[in-house]
Every structure is written in C-alpha cells, then in structure tokens.
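Naming follows writing order (A, B, C and D), and every chain is counted from residue 1.
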Amino acid sequence: MLDLYDYPVVVELPVSWGEMDSFQHVNNAVYFRYFESARVKYVESIRIEEFMKSTGMGPILSGTSAKFYAPLKYPDTISVGIKSVKLESGRIHQEYGVWSHETSRLVAKGESTMVFFDYKKGCPCDIPEGLRENILKLEPYLAEDNKVTEQA
Amino acid sequence: MLDLYDYPVVVELPVSWGEMDSFQHVNNAVYFRYFESARVKYVESIRIEEFMKSTGMGPILSGTSAKFYAPLKYPDTISVGIKSVKLESGRIHQEYGVWSHETSRLVAKGESTMVFFDYKKGCPCDIPEGLRENILKLEPYLAEDNKVTEQA
Amino acid sequence: MLDLYDYPVVVELPVSWGEMDSFQHVNNAVYFRYFESARVKYVESIRIEEFMKSTGMGPILSGTSAKFYAPLKYPDTISVGIKSVKLESGRIHQEYGVWSHETSRLVAKGESTMVFFDYKKGCPCDIPEGLRENILKLEPYLAEDNKVTEQA
Amino acid sequence: MLDLYDYPVVVELPVSWGEMDSFQHVNNAVYFRYFESARVKYVESIRIEEFMKSTGMGPILSGTSAKFYAPLKYPDTISVGIKSVKLESGRIHQEYGVWSHETSRLVAKGESTMVFFDYKKGCPCDIPEGLRENILKLEPYLAEDNKVTEQA
C-alpha cells in the first residue's frame, strides 16, 4: 500500500476552518491548492527556478485530477506527498497523496501533468537536461522506467 | 466539435482579478470552483434538494479532473457548460467545458463523478428513481446509452 | 440613504455556492474579494495602468474594512459600488456598498485606502497629476472637499 | 511595542504559494482568512461551542478591518495573534497581529467585532455569563477595563 514514504517531497499543512464549505467539510477545489503547495515545494527541490532563468523554459500545468476517499474537516493537519511517476521528453506526470493526521487515513489522491514550454520560442520543448538530472537525483527509480519513453 | 449547445446547463461567470495567481492567469484550483458553480446549477435543475429531503439520499463528489488548453486572464467572462455522459445505478459521470468570451475559445475541459449516498443507512445507494427521471428529462440522449449499465 | 446611484463605478457579481462557509452564508473574507473586483474596475476607469507605465508610480492597498449588515447566500447576485470619499496628496480613501438583488438590501459596507508609491525611488509619492484629474472627472464632487487637504 | 507575547492565542500558518495574487504578494482578502483561523482557535479556547449548544446563543462577525504594513510572500510562515480589547454586554472587540517569520516583522494588524445573537429568540443578546468568565480567565486584564461598560 502507498504511504508517505513513497513520496520524495511532502508538505505538512493545517486545515483551515474557512476551507470548509456549506457541507461542513473541505471543499473539493481546496485539494488542488494542497496539491499545488506540494508541487511548488517539489519544483523548488529540483531548483527549477534557476533553469527557468537561464533557459527561458518552464513548466505549465496541463491537467490535474483528484479522487476523494474521505471527507476532511477542521481541525486537522494534513501531509501531502508528491512524486513523479513518468518522465516524457517534454512532460512530467506526478501523483499526490493526502493524509489526515486526525484519522491517519489517506483521504485523497491526485495526479497532474506539467508540460515544458520555451517562452522565448513560444512553443513546447523538452525538459532541460540539467533539470532532468535533478529529477533523477531526487527520484532515481524513474531512470529505469523512463529510459526510452518518447513524448506521446 | 464540442460547443456550448452540447450542454443542457450553462452558467456565465465573470473572471475576477483576484482569481489570478502570481503567473498572472487564473489559478488551476479556481477552475474547480467554476465546475462546481455549473454542477450546483445542474443539480438544482433536476431538483435534487427535494429528493435529498424526502429520501435522505444525496450525491457526494468522488472525483474530478481538468485539462487546461489556454490561460484565462482578467478581464474576461466565461461560459461553463455541464452535461452528464454516463449514468450508472449509483453514479453520475459528468463533463464540463469552459469558454472564454474574450477569445471565443474552449479554455478548459473537466470531468467529475458523483456517487449517491444514503445518509440514513450510511452506505452508497442507487440514484433515486424520480431523480433519474428528471435527469433523463433534461438529457434524453442518456436513456439509450445507459439502459443496461450496472455500477462498476 | 446611500444607494447605488451614489457610486460612480458598480460591478455586478453572481454569488458562488462555494463562497459560502460552514455557517452556510458567504464567508467574511469573500467580501474583500468583492470590494477588490469593484476597485479593479474603478482603477481601470481612471486608466491607472497608463500612469503606472509612464511614471513608475502605483497604488498600494494600505488598509481595508467591512461592516456586515445581513448574511448573503447562494443563489444571489450582488451589486458592488465603489466611490472615492477623500483625496489626499498621496492617498485615496474609498467606500463600498454591497447590495443583494434577492433581498434588495444593503448587506455590507466597506472602506479602503490606497497610498501611492514611486517604485523607481522606492518611496511614497503624490498621486500623479493627470490621474488626479481623471479621478475628479469621474467624481467631480471630490474637488470641492479636497482642495486643501494635505496628507496626514 | 506590541509583540506576540501580548496575545493569549496565537496560530502559526504556512503562507501558500497560491495565496499570492498577480502582484506576487499575498492578496489582501487572504489576511481575513488568517484572522479567521486565529479567531476560530480563540473561540475554541473559551469553549464557545458548549455555550452555543446549551444556550442557542452564538457570535456573529459584525465587522472587521486590516492594516497592511509590509507585503507577505511565499515562502514564509506567519504567526497570527488574537486578543480581546473590549467586552461590552453583547459584543467582543478583538485585535490581531500578523508576523512574518522570514523578516521577523509585524506585517499586518487587524480588528474585528463579534456580536452575540440568540438564535431561538431571533435577536441580539448578552454574552452568556459562563462564557464571559471563560474570556476573563483567558484574558484577566479585561476585567478591570470592562467592569462598567454597557453595550453602545
């Protein structure tokens, strides 16, 4: 079973009372804010900003999804893990897990895809080479799986 | 090609300046708020509240996703369409399209699944019969496709 | 009594279901989003962006407040009016009114202050002269009151 | 000078990347979410929920304000303190301070007023006696100042 140890990057976040909606649990849109907080920490940990500045290339979120297993309520604290599951030439596919500290349960899972874009040329591009190396340093198990993957 | 006429329920929403994030376009989590606004209007149009009160059964969002085709920026107005694409015994699968009035483009698509839950019994349940009729009245083309679908 | 006709700039906004919190009415923080939407339209109507580009000077929100008179609920549409009430040499004091279309009531009032900042020099500055003229064109009644006002 | 030690209740919150707006600092409306998180912890610490259940009386936020001293940016962590400054027969006036851990600066201050409402009778009411005692136990310095204060 998946657990937090499967994720190279994890953020811990308090659930805010104001994140609950009229149904008195955390609103669905808020989970995408949680995923984003994990994703931002992930891209920091591979030092993406340096590459964006030096190459003019950066990631764009092209899609994201969530599955909800149990409601979240205030008060609680969550751990949100993020891992890459597939590298293509110009894309990173990632997965998320959200755990409630109150219930010790996995309450949601998510996925997202980032595509790389060359802002100077105005078109999609490959993941810059040094950045790919940073990803593989953080997540070495991706190397084997992704050796020959071409962008779909 | 899909267009707004394919959607039985459409909401028109202004893009708020504050919905943009540091990248100066509408944040990804906000699209799920847009989808929700369309979904809320949809469930109103099938008078779901009456069924929730009389049967104690109601829908729970079990998953949702979005694909982003073009950035949205303030100022703009969007039309968000929602349609059901598959009825199972205890689930409704729905799709969304988001159009920008500024660019006349489809800027995002989405999906979501609602499962029905019997709050008295505390377990999943079938879509209440009268409610299924209301859905088929709103979206008659679902009848043919869904005659024999059983819940997965 | 104050009404919408007292406001030179008004925005009309739908109340979103997701703007309600656990208490099943619109959350207090959302009203500041509403005020912001009106303020953004106001600064557009005085063409502030031109002045920011040409002078490097722009407004910073230094404070804001709200008083709540009645709860707002989905479904509803609101009109949010904004007017300037006092011009100082380097500040604009503004007021807001929020009306519910469902109840035809004033549901909230607000205030905010913008201070002007010279981003090149890194210090507060006066309202650029042409911009002050645009404000007085939009709100001529301010001229009399503000002839001799010095920044506090 | 005011500092965190002046506040009987303090919450520590991470600044989320998504809380920044197009100007690349935390949006003004988000501060009211921060205040709310502190206020929710405050009302928990005086066990307000028990009184709401037993008396049918509860607080309503009647107004709130913020002053912004310095921009907040991701990444940062904030401490938000809340204290009561005045008890009236049916109102609590409170103040907030927001500190950035990155800069060790006070970045914002706030105020809010809660009025008590008798939901059974449908009208404003006094602060329930036991609750007032809980407040004075948490903030004994209020006792002296508020001995004879009548509701304005």
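We adopt the following convention: a residue touches a chain if its C-beta (ideal position, glycine included) is under 8 Å from a C-beta of that chain, and two chains touch if they have at least 3 such contacts.
Keep in mind it's a predicted model, so treat the numbers as computed, not measured.
Chain pairs B-C and A-B differ in how many C-beta pairs they share in contact, with the greater number at A-B.
With centres defined by CA atoms alone, the chain at the far end from chain C is A.
Rounded to a whole number, the gap between the C-alpha centres of chain A and chain B is 25 angstrom. Separating the CA-averaged centres of chain A and chain C is a span of 37 Å.
Separation between the centroids of chain B and chain C, computed from CA atoms only, is 34 Å. Residue positions 17-18, 27, 29, 33, 36 of chain A are each in touch with at least two other chains. Every residue of chain D that touches chain B in the complex is listed here, in rising order: 17-18, 20-22, 24, 27, 29.
Across the complex, chain D is touched by residues 11, 13-14, 16-18, 33, 36-37, 40, 44, 74-75 of chain A. Across the complex, chain B is touched by residues 27-30, 32-33, 36, 60-68, 111 of chain A.
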